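Everything below concerns the one structure shown next.
Order as written gives the chain letters A, B, C, D, E and F; numbering starts at 1 within each chain.
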Amino acid sequence: MPATPARLRILAVGAHPDDLELNCVGTLARYAADGHEVIMAVFTSGNMGDVHILPDELAAVRRREAEASAAVIGARLLWPGVTDELVFPDLQQRRLMIDVLREADPDVILTHSPTDYHPDHRYVSQLVFDSYFQKGLPHLPDQTQPACRFGQAQVYYMDNLGGIGFLPNEYVDITPVIETKKQMLGCHASQFQAMAELAETDMMEMMFTQARFRGLAAGCRYAEGFCRLDAYQRGLTRRVLP
Amino acid sequence: MPATPARLRILAVGAHPDDLELNCVGTLARYAADGHEVIMAVFTSGNMGDVHILPDELAAVRRREAEASAAVIGARLLWPGVTDELVFPDLQQRRLMIDVLREADPDVILTHSPTDYHPDHRYVSQLVFDSYFQKGLPHLPDQTQPACRFGQAQVYYMDNLGGIGFLPNEYVDITPVIETKKQMLGCHASQFQAMAELAETDMMEMMFTQARFRGLAAGCRYAEGFCRLDAYQRGLTRRVLP
Amino acid sequence: MPATPARLRILAVGAHPDDLELNCVGTLARYAADGHEVIMAVFTSGNMGDVHILPDELAAVRRREAEASAAVIGARLLWPGVTDELVFPDLQQRRLMIDVLREADPDVILTHSPTDYHPDHRYVSQLVFDSYFQKGLPHLPDQTQPACRFGQAQVYYMDNLGGIGFLPNEYVDITPVIETKKQMLGCHASQFQAMAELAETDMMEMMFTQARFRGLAAGCRYAEGFCRLDAYQRGLTRRVLP
Amino acid sequence: MPATPARLRILAVGAHPDDLELNCVGTLARYAADGHEVIMAVFTSGNMGDVHILPDELAAVRRREAEASAAVIGARLLWPGVTDELVFPDLQQRRLMIDVLREADPDVILTHSPTDYHPDHRYVSQLVFDSYFQKGLPHLPDQTQPACRFGQAQVYYMDNLGGIGFLPNEYVDITPVIETKKQMLGCHASQFQAMAELAETDMMEMMFTQARFRGLAAGCRYAEGFCRLDAYQRGLTRRVLP
Amino acid sequence: MPATPARLRILAVGAHPDDLELNCVGTLARYAADGHEVIMAVFTSGNMGDVHILPDELAAVRRREAEASAAVIGARLLWPGVTDELVFPDLQQRRLMIDVLREADPDVILTHSPTDYHPDHRYVSQLVFDSYFQKGLPHLPDQTQPACRFGQAQVYYMDNLGGIGFLPNEYVDITPVIETKKQMLGCHASQFQAMAELAETDMMEMMFTQARFRGLAAGCRYAEGFCRLDAYQRGLTRRVLP
Amino acid sequence: MPATPARLRILAVGAHPDDLELNCVGTLARYAADGHEVIMAVFTSGNMGDVHILPDELAAVRRREAEASAAVIGARLLWPGVTDELVFPDLQQRRLMIDVLREADPDVILTHSPTDYHPDHRYVSQLVFDSYFQKGLPHLPDQTQPACRFGQAQVYYMDNLGGIGFLPNEYVDITPVIETKKQMLGCHASQFQAMAELAETDMMEMMFTQARFRGLAAGCRYAEGFCRLDAYQRGLTRRVLP
């Protein structure tokens, strides 16, 4: 096994704009504060998430918001632009995901759990799982990115709204960066109205409740919860969460 | 949350003609008897289920049988006509399922379990899960039905033959409607010979055995067993506890 | 099966004073508001839960606080007085628990989960499970209470602090009674200092966070979460499905 | 590993008279028919199982019935006589169970599942698990039976009424011996009235329903279902069910 | 149920050349030694598994190695030639898998577990599951093989490297054929260098470690571990592992 | 939360002499090499583990061997002397375990898994779980040790022979200390003959196989595998394995 580099590359892959803000940007902010490189990938453009705004216009708004959020911690944003609500673990989207992983060449990957309650989330999780082995194989046809390192990354699955079907067994203390998380979520201004209308939910209050609840379990003020994927030789002996 | 309407719409989605009769029409009959609206969707035409009768002829027979069964309780029949044994959770069938859900706009959905032993059953279950979020989003491309309500339905997974991999945690007492269930299953006359030939099974006797066994567990004469899908804000509070 | 009576008897069994307040008194308050009879059993005297106050003095304080809390909703308090931290599923404590169940003769039992993180909680749960069958058998030796009804009660397991190892699949909307829950928890004044000192926890803030988090999952403002015990003929048919 | 002997000793351990008849005597009858030696151990005297008949009288009745049942297949009956409803995994009952195992020195053990819904069933299962290692250790104090072979037996957990919490993964075809099972269950005449009164259950009809339901799953007319205990070197490579 | 034939047909389906050698050829060798017919299907050509050798050349090498390995035990090799790392449970590959199953018409199927850590392994497992019901249905469109027997085969899932997420509950003693397993794995000469380079693994040493570890659990020198698929009437009463 | 001290106290609790050597002394050796304090507690005297040597003599032999092993890494040995094969989670042994925990006042606890295949292992695990909360409560009656810190330790469950029912999700690389582990296990000379006789096992070869197999999964030469107990505020945010 090659040694773990001093400066890690951290890739977070969410299905929609705001998924990462709700579930893992506190951890990303801690990585960034420790000097590691952070890449945020938003797999779909979020263009179906509003009953009033039409898809093309919405995608543009959502991308600007995601860029503003990433900028808060100096993260790079990857934006494959898949149609919202139509994530499938098929050949075409597999190729997109392999390229996302190759472009980031990560030491740690944070993404949705395969038990998440939203189909796009589940399929993004499946695509990450499916692409992990392939990012380092040089002869795969029809990829736009060259192969990167083989087999280096650890995968952590992140929480979901309400913790449906999810029992974290790793917690990251995000108390020192809770204001950063609030600021990043606040960048997604267009989502607050949609969530209020579709699900009667105040997203900011929801985020604070969940971070506080996970903190209660973990023994700190605010926390984010994760489960690690167990896989063959995926660096199981090294613990790299901050 | 909008209030639960007094007259519910109940949608049952089975993969093949006779799946609903075997696993949930007792519950549907009770809903119908209580004045609720019942929609029965049979996702495939069942056209591969016989070693002698050719597919087109068989599909026509199976549809007439399904219509006769639905008529017994005054249910509406939806019949997308997917090729039997070829259910896939892909884009095309996703669109079909979203339209099924939109046409029914249900308060309760009964469908196969994701742990069922038959691939068509599993994929129908997956398609229902995948389409739930999307039935209420108005800008999805290429749908034939307009968006319906967002996020109202509860999903219950139904039993399978022999209870393979399935431990119900909800039971419905179908003793008062067992004759209705028998009559509806009896409408599927063409299936009895095929099941006897392919699986050496007397379907009617099998149905009575299973209903009686679930009744033993539940504490009544005949019962149907279900497991509820836990999901974010899918009406989790509407239950028998106060 | 005898018919469910119009006025139910609800028994909640907690290991320590304040366990019921933290995890289920919202549900009890709703039962009480609906006219049902509520019995709160606190199995230990809570006499070990303070590093300064000596056991006998502490037990007296804790009992007064529990009585004040029960009085808020007009509940009857049962107080077997077992030594705190020394709950065991042995013969002696089994007899105590059978007598608790016989005295209450409940239609519904709320208690700790067998997967709880505290040993006293686990053993109380086990004692309830072990005593359920026996409350209705008249010839058991050495009981002080006569046998009550056989096999009528449904058992629900309640949440724990931080939701460790616990995924609720039943939720009760306690929004209308959240002030009652606050008032009942507030009766346990002697606990707030101990929890702050031993676990650095503000109990009232913790209770609100957990009730709000469970509400987010359930789709209401405040909720309490439960899992139902599946058991042979324990009234499984009495549910919201028809 | 010593070779498996041609004539096996089969030990079934139930908590109450009739438990073995309901859940595993079909399998025992097949073993007996194949020339193996069968020992039936009933751990309690069943003396609490009637609301009218007093314990001592009931124990005598139950023992005669168990003896009659065992005689049908030429099985030996072991009767430790523990008080019904008071099975505990404590030192005293551990010693009793070790002696039961030593007396039988079995190649195969059938007993209740640790997930059973009745506390006596669970504790008998736990006592069997706890005693397995010890039956072959010669210096254990206060046993009445000498040590037998070390580590030879495979343990199978049996079904329960209604299959609560139990998914069999081994099935034995008992179609050829279903009349024997009926006859053995019929020996327990005193139980039929008690079950009808306490649980409104016709035991014989219940037995046939369950055997038929498990047969449907297994692909035969009547079956009994089991789960095997996985344990270190407990003969995992040898399959000895008939 | 038709009787089990005296000479069984055993089909093993692996995703890549060497998967069967690592996880189940000991069992295949025992079947072959007992006179049964063995068919080894390698679903992909393994053409992506080397960072230096180009895909077409690699596929040719891998096929020759697989043929040499199969020849050791006189097994027939099926080679659908799917592109390595691009297994998908879609319509096209379903058709290929149905034809593989029809060509073999097996009594027993050994394949990857659905919980395996490699996506190709998982999807091969899913394709086998999905194709099982369909191999016996004569009217499926676009197949190249005629329908074979319906519903006869039992499916066993095999181990993976390191036993990630896999707890076997069936073990086959492969001590008598360990040299055969070594010889068959040794046929895959081109893999040893790739595994050493990509995963720093000595495949032969790894195989011996795993076989020995499973043997420790099973109670023999060398073993292979499996989990059986539970499914409706898939011959659950018959145990056919050697 | 108080800060984690620079020099940790590590407590390992095994049921029998040699349990720690087989399952966790590699990890202990790494802790010791890093300058932490290591305490090894052997709960029983191992006095039943031989068919020839009588209990009192055997206990003396086993204790000398355990002392020699602990001395290799400079660990302190605790020896409560419970009778082998008679571990029970009752009041008397709870008190012993609380005193063990108080004497060590640990930051990390390694012990058996509650799913272990040996009853003594399971009950030691349960006693550790049950005693964790109580070690810091000063008024518990009849303890010989004064209360220590409240709520500081993390609990890790260790592997068992053959990995029965155990899937590690934490691995410690013990390659640098494998010779130390060998030396410590070698101190238990009296066990090698007993294991060979009772279970036909070469303990040293078994240890190397298991350490190598876990290393394969983890991605190193030799590893020990663990699962962490999730519990309320038990320091979940701090990862302290080396």
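Some notes on this structure:
One rule holds for everything that comes next: a residue touches a chain if its C-beta (ideal position, glycine included) is under 8 Å from a C-beta of that chain, and two chains touch if they have at least 3 such contacts.
Quick caveat, the model's predicted, so the values are computed rather than measured.
Among the remaining chains, those touching chain A and also chain F are C, E.
Over half of the residue numbers at the chain D-chain E interface are used by both copies of the sequence.
Chain C and chain F, compared by their mean Cα positions, are separated by 35 Å. Spacing of chain B relative to chain D, judged by their CA centroids, is 39 angstrom.
Among the residues of chain D, those in touch with two or more other chains are 1, 90, 161-162, 164-165, 167, 200-201, 216-218, 230, 232-233. Taken together, the chains touch in the following pairs: A-B, A-C, A-E, A-F, B-C, B-D, B-E, C-D, C-F, D-E, D-F, E-F.
The touching residues of chain D, when paired with chain C in their complex, are 47-49, 51, 54-55, 83, 85-86, 88, 90, 117-119, 160-162, 164-165, 198-201.
By the touch rule above, chain D contacts chain E in their complex via residues 1, 167, 169-173, 216-220, 223, 228, 230, 232-237, 239, 241.
Chain contact summary for the complex, chain B toward chain D: residues 161-167, 201, 206, 209-210, 212-213, 216-219. Taken in their complex, chain C has these residues touching chain D: 1, 89-91, 94, 129-130, 133-134, 136-141, 147, 150-151, 230-233.
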